[in-house]
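Presented sequentially are two complexes of chain A, the first with chain B as partner and the second with chain C.
Moving on to the complex of A and B:
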């Protein structure tokens, strides 16, 4: 993959961020801490892959926080009912695919703008879940739920490898397959993509369905870290993920963006809080700093675009 | 609609260019349904109360209508409310400016914040969603950083509070006038001035507008400035309504306001949209919320219904315009002129529509007053007939609000409430905000006042904020008690005190110090930095530590946002960033299992953990030794006792000055002053945890 100015700037920012803890701070550069950092951000990365594809296709999905927690609860209930883990995983993925398909139908078939359709499904899923669980956590899960029964030390490398593989396949497919390029085509110009023989509505539907499956995948990678499921989880996840994708250079108007950029965005946004904890910065500043980073990224982006235009 | 050039558009299209009739129909349906299901829904008082709830969201939605019509969006309006509230409070309280000067300053701040959005969007050509996503974090972040999250300004002069709490002429909420003024002004601007036409042109096709001589940048930038000013005004009204200024003002309001705008027919792609459409959309949402509350439905039903209406209204609209499109397939290019009806709408037509809406509302309200009066008379007669020894004596209606609906702690209280309700024949209404949000809690109580309940029992998110509505409830003859978290003492009769903030703080500090052998570093994990109750506990923890255990040193207070995931991350970061930390005190129910799981996954046996949580969430970690103790009262008993206190107050068996109350299976419970004391906080550990299941 060729590095653009955006990726280089992001790498620079990440380098600065990772240099700060070198100065008089201990404990950041330990395998344990770095492993935790990675494991904690795996679900965000998985969701961000889906979000990048959705945004490249010119859409947006703000219901993923709700999809995420509903899929988590479904996985817990399935595991509790005694189903074997592979079936639990498939059920969860199917649930995510279903929600994604609903979003896809609402936007592609009924023509409801994505931001409205997914705002509605976000509210409906969240409130429906509160109605169904009354806020109770799913507890007393079978022992093969947490870490899929592998145990923490064995599971963590497996998780990291699985997500690395998933990311690699997704990055390759988005970049180098006709199906992947069709997301760019539709996001760039809906009408032009139709004229060259792409079915834009099908592509949009596919992007939401994929997002649903990935939200479910993220839920599995997140909730199997615990012995119980919090029914209130996932609030604000959509903004985190959108911010990561956008900081990574995905154009919100569609048609532009790479998964490599998204990966860097996830690393940057997911590490700030931890680094600042190690630097003993007052956590009250965290939101303001994150907002400033997002603004800095987008403002710098306009300069990159100008530089690109000049060649 | 699309063929307005070639032929005269149909009457429907002329009158309702954006299918406003769909919203009118929805609104009418809501009114009809709720007048049957809710008590006192159709009354003049409630009609105006609805406008009070609508004011803040409405101000945001009006400003947003302009922005969305240019094809933009502003996610930062809710955060701007928070920043406005903090600046207003600081300028008045800390700097000492007169309150109205401070308010002017805040309006200027809103304009500046909006201008920042606008400049980034128009000058640097950055998409609005991204810019305002950044300022969404930035504005709220500045507000939180400046106040540390916990500072809240109260004690505003009554002339200022009148703006948010008073009535003009006895029935019209003061902010309704501001709401109306802004609506009229912006309506004139959007639908009768050149700038309004420019906005429409920019929204349909910015490049085309530029070629037509429209200054696109300037026209767009101004909409963000207006939107920022509207957000600042909403922030001021918010502060005046709940009587406190804090960094969490207006969180989540942006989504409600955007819902109102798009429901009102404004196209998210720009170009199409009317301000009266936004007003209708807003009313649909607010009436829905209010009506469901008055019909005693919990808030999640309102959320579900709002989502479905949003989908149905927009979906229908899309299908409708598509079917028209199909009919007009030949004149494809003319479809962009679909807003022609909107352009051509005459003043007389607008006046007629608005007149019709108002007339309808008055008619409904009047017929209702008549209906309500005759019904009350019937009821009065009916209850007289039943009263002598009748078993059907009216059941006590007790409305209880927790600080947050989905919090495991409050869910376990609810178990006790349900048990007592069944045992003593009490009807319970149970509703609270999703997050601990003082404004939402006040809205819920307002609805109960309108609906009419016998007793309100509240766990106050914020004592200052809730007291204004509780006093109002008392004025209307509703008995008020508080439980779990007290309001100001004049706003309630009794407080069911499960443990004072001091007691909780000191017990946690004692337990933390004991676990650390009285020396060493400790850290605190809280829910959000703005949670008033938790901040009170933290204050007492620090106070006790400083006074009794000078060797204990606080290294950090980290927020978990009330989420287990974040609590786990924070616990692991704290124990690594401060490797010599000896004790973590987690003061939120989901944070305790989160921190325990974090210690477990890192194998940190050297760090002790205590905190405040429910036994069910803590059991496994206590047994495995990752968690040393959790501190809590018997939450089920708290719910049970609260119901009994409410019943006693209602029946007249509990009067001011009483020194004890007979509490059913709990036996007699002591009362000290106006505090009904459940007893000291209880320490759960691995030895006694199996006796408790809640």
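Moving on to the complex of A and C:
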């Protein structure tokens, strides 16, 4: 895969970030810390894969935090009811697919702008969950649910490998299959897509459905790490994920972006906080720096575009 | 030789309009067949039928390579080898040249190396040299056009429809394109060519089919036509007397431009004047700079050079506010886009342009409503009341609301851009009546229209633009369709 200026800039920023703890800070470069850092960011990476596809197709999904927590609760309840784990996993994925399909129908079929449609589903799912659980956490999860019954130390490398595989397949599919390219085509221009035989509405629907499945997958990789499921989990997940995609070079107007960029975006945005904690920087700065990174990404994008346009 | 494409007895009726009546067209292998006609003669509709986007009315027939096409659809016509390149390229701007060329290729899994080889081949076929990895947004217009043609031909097209391919190209780019057309003809491709540039079509055309007002005028061999003959065929008979133009005494010059320019949109040294009580028609082909001139005059795209005089005094119009201050009004072409705000009520739409004047600091709704009701009555807007959403009105009535908004501002100079486009005959006559009523009161009107008969019928003088410049001004009484068209065509002597 060829590296563009965006990827190189991101790699540079990540290199700087990983150099900072070398200067008189201990504890950052330990296997445990690095492994936790990766494990913590796996769900974000999974959701960011879906979000990248949605944004490339010219859409946005801000309901993923709600989808994420509802899928988590569904998986927990399914596990507690004694269902075997494969069934639990399938049920969770199906739930995510259903939520995604609803978002897809609202936007592609009924023409509601994605930001409005997913704002509505975000609020409905979140409040529906609060009503249903009355704010209680899901506790006493069976042992075969936690770490999928593998035990923490055995499960962690498995999780990392699974997500690496998922990422690899997704990156390949987005780049080298006709279906993958159709997301780009639709994000560029509906009319031009129709002329080459692509149905834009179908592609948009597919992007949301895929997002739903990935939100559910992210939930599984997240909640199986804990003994209980908080009903207020996932708040602000959509912002983290959109930020990672945008910082990674995905054009918010659609048609452009790569999963490699998104991966770098996730690494950069997901590491800033931890590094700053080790450097004893006031946590209040973390969000400010993250905001600045997003701003820098968008501004540089506009700037390069203008430079290109001038030729 | 079996013709590649035959269109027989093609008619097309839209609600209230007959766009095409009994049109015949035939395309042989290795010929450039030029389709000619004024704006609105039905050329686009015919292409849309040939490419399966629209269906012909009953009785019409599409025959490809000797076989009748049952139910045409865009995909079906493409599969039969009929490809079209439209005036505005429909490309994927964020994606690479290579990807644009291969997007419609079959196969679920993409081999980028195969795509690369294939795209290079496609470009080589038309002799184009483009960097395969460049995103299309970085290409020049001419390069985009080449890309479209390469892509169209890749679907083993035997018929290539080119709709004004040189309209956006200058000098050598246009030359290259014509060379390419000749090369494709030599390869046996049948080319349906649409262009307003007569010199160009006389150079490359083998046969010419002329349409006028949706009717079929005839098909002519190259040896039987020349420039003058083509113009005559396109222009046809004298206009019918359907315009209620009443002679109004012409007063002093109210607006004058001297060497008005707007570089970016191509308005080039236009000097014109319009008098009190006068309707000045602005004629020209699509892209001649009529709308651009109006926008410059109205301060939407302030002039980059030249002067504007109002009542013989030099004025500066650098924004719409200036134009309003000098009591100019501009009713734009695209009604839905710029003319009325569909979600607002009739009353709100009408009072929009004079909120400041009518209200001072606070809105006075009763004043607004009185005014709106007054205009609704005067212009004969057909609506239940002034509080209905503009969206619910017919095109003609929406146009009246747009007109009312500007008339409410009590302008002295009214610029109307295609005021009767896409509205029915009755509403059209009403708009014409209103125009006469207002010039009688001493207003000056600049009327932009692509419909020659409307211009000839309504104007006192007709200014013809071509390529952003003033090609000439004709007194309407002496002007004919032919003389206007002659000036409007780019290679006029």
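The working rule: the second predicted complex is superposed on the first by the 302 of 311 C-alpha atoms of A that agree within 3 Å, B and C clash if a C-alpha of one lies under 4 Å from a C-alpha of the other, contacts with A are read in each partner's own complex, and residues count from 1 in each chain.
In the analysis below, contacts are C-beta pairs under 8 Å (C-beta built on N, C-alpha and C of every residue); 3 or more make two chains touch, one makes a residue touch a chain.
Since the structure is predicted, the reported quantities are computational estimates derived from the model, not experimental observations.
By the touch criterion defined above, A:176 reaches chain C but does not reach chain B.
Contacts of A:19 after superposition: neither chain B nor chain C is touched.
Look at A:81: by the touch rule set out above, it reaches neither chain B nor chain C. Once chain A of one complex is fitted onto chain A of the other, the partner contacts of A:251 extend to both chain B and chain C. In the superposed pair of complexes, A:189 makes contact with chain C only, with no contact to chain B. Contacts of A:239 after superposition: chain B is touched, whereas chain C is not reached. Which of chain B and chain C touches more residues of chain A is settled by the count: it is B. Taken together, the two structures place residues 251 of chain A in contact with chain B in one case and with chain C in the other. Of all the residues in chain A, the ones that touch chain C in their complex are 175-179, 181, 184-185, 187-189, 191-198, 251, 254-256, 308-309, 311. For chain B in complex with chain A, the residues that touch the partner chain are 73, 120, 124-127, 129-131, 133-142, 144-145, 148-149, 255, 258-259, 262, 267-269, 298-304, 306-308, 310-311, 314-315, 318-319, 322, 405-408, 410-411, 434, 529, 555-559, 561-565, 568-570, 572-574, 576-577, 579, 590, 593, 597, 601-602, 616-617, 620.
Across the complex, chain A is touched by residues 74-75, 90-95, 99, 103-105, 107-112, 137-138 of chain C.
Taken together, the chain A residues at the contact with chain B in this complex read 25-28, 30, 32-33, 36, 40, 60, 106, 110-113, 115-117, 119-124, 126-128, 130-131, 134-137, 139, 152, 222, 225-228, 230-233, 235-236, 239, 242-243, 246, 251-253, 273-274, 277-278, 280, 282-292, 294-295, 298-299, 301-302.
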